[in-house]
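Below are structures written as C-alpha cells.
In the two complexes below, subunit A is the common chain; its partner is subunit B in one and subunit C in the other.
Presenting the complex of A and B:
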C-alpha cells in the first residue's frame, strides 16, 4: 500500500511539470505583455521606461530562463501582483481557496450523506414504491439546470423564509467571519451543488448495488447460509462501493476549482468568483495562479481516487 | 433398506413473467442415498442447474418459483421451512459449489474470511478457532501454503486452487449433501481430474452424498453411481451408471453418447444432435425431444410419453424403445 501511494505520487511529478509549462505558455501567448496593461500610455519617455521595466523583470531573457524564474518564485510563494486589485496574488487566493474548500466539503458531505443511503434503500427494494418515487424525483431534479435551482433556493430559503443568507461568503455585524458564519453562508450554494449531484450518486449507488447483487459470489454467500442482511452488508455493499468511491475522488478534484457560475450567482468569494473577475479584468497573474491551482486540484482528486480505490479493492493494491 | 437422504417428488420450478411461464423444471423425481453420487446430465437449458438451485431454495428472484412438489431432506420438507430455518440448512447440511471458480469468490474478502464466515455462522467457534479450522480444511483439500493463503485474496490464486477453496468452503461444516454444479467445466483437463478425485475423497472421508451436475459424460463415467438424464425440464432416463453406458435406451441418451469423441474409432466428423433444446416457455404438446429424434413417429408429436420402467431401476421416457433385451436400433 505504501509503495503504491509513493508510486502514484512520483507519477504526479511529470504531470505537474507539464501543467506549469502549459500555464506559463498560456500566459506568454497572451498578446502584449504585463506592462502594456499597467503603464499609462500618456507618460513621457514611455518606450524607454517600458524597456527598462522589461529588462528589470527579465522579460528579454530566453523563455526557459523566464519559466525557471517564475516557477522558483511561485514555489517560494511569490505569485506576483494582481493588476486590478493591487494586492499580492497570494493574499487574494488564500481566503478564496478557503471559502471554496469549505463549500466543496459541505457539498460533498450533503452528497454522500444523502445520495448513498438513498441509493442503498432504493436497491433494497428495486421497482418498489420508494424506488419509483425517488427515481422520478431524481430525474426531475437532474433535469433542472443548477443555476435555476440556485435561484429557486435563494428565493425560498433566503428571501421567503430568511433562514440563510443569499449573498457573500461572510456576513456583517457581530459574529461575522466566525466558522459558523462561514458555514451559514456556504449552506445554500453547497445545497445547490449537492442537490443535482445527489441524484447522480443515488442513481449510481442503486445501479452498482443491483449489479453486484447478481454476482456469482453473492449467490455463494447465500449458499453458505448467511442471512440476507449479512450478505447485503458484507458482500454486496463493500463491492458496490468500489465505483462510488472512485467517482468521489474524481469529483472532489473538480470541486476545488469552485463552481464558477454558482459562486457568481451567490456572490460567494471563492475561487470561481475570483477567476471570473480576473478573466474579466485580464488579470493574468491571478488567472495563472488559479489555473494552476485548478489543475493541481484535479491531480490531487485523481490521487485521492486512486488511493481510495486501492483501499477498497485488494486487486488494485497487489498489482 | 437404507433411508434416502434426499427425496424429490414431482418438483416443478417455473419462471413466471408477465405473459410467459417458463417451465424450467417440469415434474422431476429424484432420490439420493447417503454417500451416493448422482449425476444429472443434460444440455444447457435442460433444467439441471435450476433443479439444484431449487433444492437450495436459491432461485433467481423475483421470478423463479417452485410451484409444486416436495423436497424431503433428512425427514423434513425443505419447501415448508421458513427462510430463517433454511439458512441453517445451507452451508451446513447441504452445500453447493459452482461452475465458475473465478467469479464465485468475493474479490474483496480474504480466503480466510470467506471460509470462516461459514464456520462462524454454523458452529460455535471463536475467530481464532475458525481460522485454524479453515487452514486445516485447506490443507485437507490439498491447498499448498494454507496458513498463508487464508490471508490472501481470490485474485492471487489460480482457477484450480480457487475451486479447491470453494470445495473447502462447502465442506468445512461436513454437510450430508454436496451439490456441485459443473464444478470442473471451467478448469483445464488435468486440474479437472484432480478436483473430481478430491470430491471422491470427500465422499469417502466425510460420507457426503453428491449431486453432480455436468454435461460431460466422461465425468459421469468417472464419478456416477446413478445417472439422471434431463431434457426440457424432465427426466428422460434414470438408471445406475453401469447400465447407462452398457444399455442406454432413450434416443437422447444414445445421441449424447454418439457425440463423444472416441479414441478407438476413427470418425471424420463428430456427431452432433440436430436442432436445439425447445423453448421452455412453449413446450410442444407431444414428446419434447421428438423434433430432434431419429426415431420420431407422427404419434410422438401428439402424446407426451410417460416415464416407464424398462428394466430393474431403469426408467425411460420414450414410447418407441423396447424393453431391455428387445433393443431398438438407432
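Presenting the complex of A and C:
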C-alpha cells in the first residue's frame, strides 16, 4: 500500500509538469507583463526604466530559463505579487482557500447526509411508491442547472424569507468573521451544490444496493436465517458503499475548483471568485497560482479515490 | 439467426413480410414513451418560437426604447423591458436562437472530435491509445477559464462562435473516452476482423463499420451533451465569460437580471429565461432517456 501511494505520487509529477508548462506558456503568450500593470505611466524616462526592470527580472532570458526560474520560485512559496490587489498572491490564496474548503465540506456533508439515506430507503423498497416518487423527482432536479437552482434558493431563502444571506462569505456587524457567520454565509451556496449532487448519490446508492442484493452471498445470508435488516446492514450496505466511496474521492478533487460559477453568483470570496476577478483584471500571477491549485486538487482527489477504493475493498491489490 | 429463420418460414406461408430493422424497432419503442414524446413536442415548440422570433415580435432585441426603461409587462412590451429599454420578450425569443445554435454546433463539434480521436485510440490501441488518453487526462486537469482568456485575447472579441470554439475545445475528452472504451470492445469482434480481411482501411472500418454499430449509444450521449452545452452557455454568462452582452442569449438575459432589486421586484425579467433554460434541458434529458430505453431495452430504468 505504502509503495503504491509513493508510486502514484511520483506518477503525478509528469502531469503536474505538463500543466505548469502549459499554464506558463499561456501566460507568456497573453498580452502585457507585470510592469505594464504596476508602473505609473507618469514616470520620466519610462522606456529605459522598463528595459532595466525587464533585464533584472530575467524577462529577456530564454523561455526555458524563465520557466525554471518561475517554477523554483513557485515551489519555494514565492508566488509573486497580484497586479490588481498589490499583495503577495499567497496572502490572497489563504483566506480564499479556507472559504472554498468550508463551502466544500458543508456541501459534502449535505450530500452524504441526504443522498445516501434516501438511496438506502429507495433500495429497501424498490419499485414502490416512495422509490418511484423520489426517482422522478431526482430526474427533474438533476435536469435543473445548479445555478438556476441557486437563483431560486436566493429568491426564496434570502429575498423572500430573509433567513440566509445571499452575498459574500462574511457579514458585517459584531458577529462578522466568526465561525457561525462563515457557516451562515456558506449555507445557500452549499445547498445549491448539494441538491443536484444528492440526486446523483441517491441514484448511485440505490443502484449499487440493488446490484449487491442480487448476489449469491446475500441469498446465503438469508438462507442462514439472518433477519432482513441484519442482512441489509451487514451484507448489502457495506458492499454497496464501495462505488460510493470511490465517487466521493473523485468529488474531493473537484471541490477545490468545482464551485467557480456558484462562487461568482453568490460573490462568495473563495478560490472561484478569486480566479474570476483575476481573469477579468488580467491578474496573471493569481491566475497561475489558482490554476495550478485546481489541477493539484484534481490530481490529489483521484489519488484519494484510488486509495479509498483499496481501503474499502480488500479484493483490490496494488502491486 | 434463429429469428431470421422463423421470419422466413412465416413469410413463405403467408405474405412477403420484411422484418423490421433495429432502428425501426427503436423508433417504435420511442414512440410509445409518453414523457419522451411530450418532450419532443415541447422542444419543437421552443425551437419554432426561437426561429420564428422575427414573426412573433416586431422589436429588435437590442433596440433601446428609452421612453420605457425598466417597464413592467404591458400591451406594448409583453414581458417588460430592461434598464436600457430592451424588450424582454424579444430578447428571450432571439436568445433561444443563440442557445440552440451553441448547443447544436458544440454537440456536433465534440462528437466529431470524439469520434476521430476516440476512434483512433480504440481502433489502434497501444501507444496511440496511451497518447490520446494522456491528452484527455491533461484536458480534464486543465483549467478552462484560462483557455477562454487566451482565446479572447487572440481574437479580441467574445462572440457566439468564439464561445462555441471554447466550449468545444474543452468539452471533448469525456466523449473521446467513451468512444475509445466502446471501440476497445469492438475491435476484436468478427465483423471488424472480416472487414480487415476484406482489405478495408482503418478509416473505412472506423466510420463505416464500428461507428454505425455504436450509433445508438452515441446518439444518446450526444443528446445529454447538448443539454450540458446549453447549461454551460448560461453558466458562463452568469459569471461574465459568456457571449458579450448585449447580444441576446438566455444566459445573458438571466445574468442581466440577477441584482437584488430585479430579483425581488421584476420576476418577468429572470423567470422566463430561467424557465426556458430549465425546460429545454429537461426536455432534452427526457428525450435522451427515451432514446436510451429505445436503443437498449435491457437498460435498467
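Just so it is clear, the second predicted complex is superposed on the first by the 298 of 319 C-alpha atoms of A that agree within 3 Å, B and C clash if a C-alpha of one lies under 4 Å from a C-alpha of the other, contacts with A are read in each partner's own complex, and residues count from 1 in each chain.
Keep this in mind: contacts are C-beta pairs under 8 Å (C-beta built on N, C-alpha and C of every residue); 3 or more make two chains touch, one makes a residue touch a chain.
Keep in mind that this is a model prediction, so the values were computed, not measured.
Colleague: Here subunit A is shared; do subunit B and subunit C fit on it together or clash?
Modeller: fit
Colleague: Check the residue A:21 against both partner chains and state whether it touches subunit B (first), subunit C (second), both, or neither.
Modeller: neither
Colleague: Quick check on the superposed pair: does A:113 touch subunit B, subunit C, both, or neither? Answer first, second, both or neither.
Modeller: In the superposition, A:113 contacts neither subunit B nor subunit C.
Colleague: On subunit A, which partner touches more residues: subunit B or subunit C?
Modeller: C
Colleague: Using the superposition on chain A described above, determine whether A:176 touches subunit B (first), subunit C (second), both, or neither.
Modeller: Neither partner.
Colleague: Could you look at A:225 and tell me whether it touches subunit B, subunit C, both or neither (first, second, both, neither)?
Modeller: first
Colleague: What is the contact status of A:315 with respect to subunit B (first) and subunit C (second): first, second, both, or neither?
Modeller: Touch partner of A:315: subunit B, not subunit C.
Colleague: Per the contact definition in the header, classify A:215: touching subunit B only (first), subunit C only (second), both, or neither.
Modeller: first
Colleague: With both complexes superposed on chain A, which partner does A:154 reach: first (subunit B), second (subunit C), both or neither?
Modeller: second
Colleague: Report for A:5: first if it touches subunit B alone, second if subunit C alone, otherwise both or neither.
Modeller: Neither partner.
Colleague: Would you check which partner chain A:235 touches, where first means subunit B only, second means subunit C only, and both and neither mean what they say?
Modeller: Touch status of A:235: first partner only.
Colleague: Looking at the superposed set of three chains, what is the minimum CA distance between subunit B and subunit C in Å?
Modeller: Value for subunit B versus subunit C, nearest C-alpha atoms: 11 Å.
Colleague: Would you tell me the residues on subunit A in contact with subunit B in one complex that are also in contact with subunit C in the other?
Modeller: Common to the two interfaces on subunit A: nothing.
Colleague: In the complex formed with subunit A, which residues of subunit C make contact?
Modeller: 137-138, 140-143, 145-150, 153, 227, 231, 234-236, 238-241, 254, 258, 260, 263-264, 270, 274, 277-278, 281-282, 285, 289, 300
Colleague: Which residues, counting only subunit A, touch subunit B once they are in their complex?
Modeller: Where subunit A meets subunit B, its residues are 215-217, 219-228, 234-235, 238-239, 242, 312-315, 318.
Colleague: If we count contacts the way the header does, which residues on subunit A are in touch with subunit C in the complex?
Modeller: 15, 18-19, 22-23, 26, 29-31, 139-140, 142-145, 147-148, 151-152, 154-155, 159, 166, 207, 257, 260-261, 264-265, 275-276, 279-280, 282, 287, 290-291, 294-295, 298-299
Colleague: Spell out the part of subunit B that touches subunit A in their complex, as residue ranges.
Modeller: 56, 58, 83-84, 87-92, 95-96, 98, 100, 103-109, 117-118, 121-122, 153, 155-156, 166, 169-170
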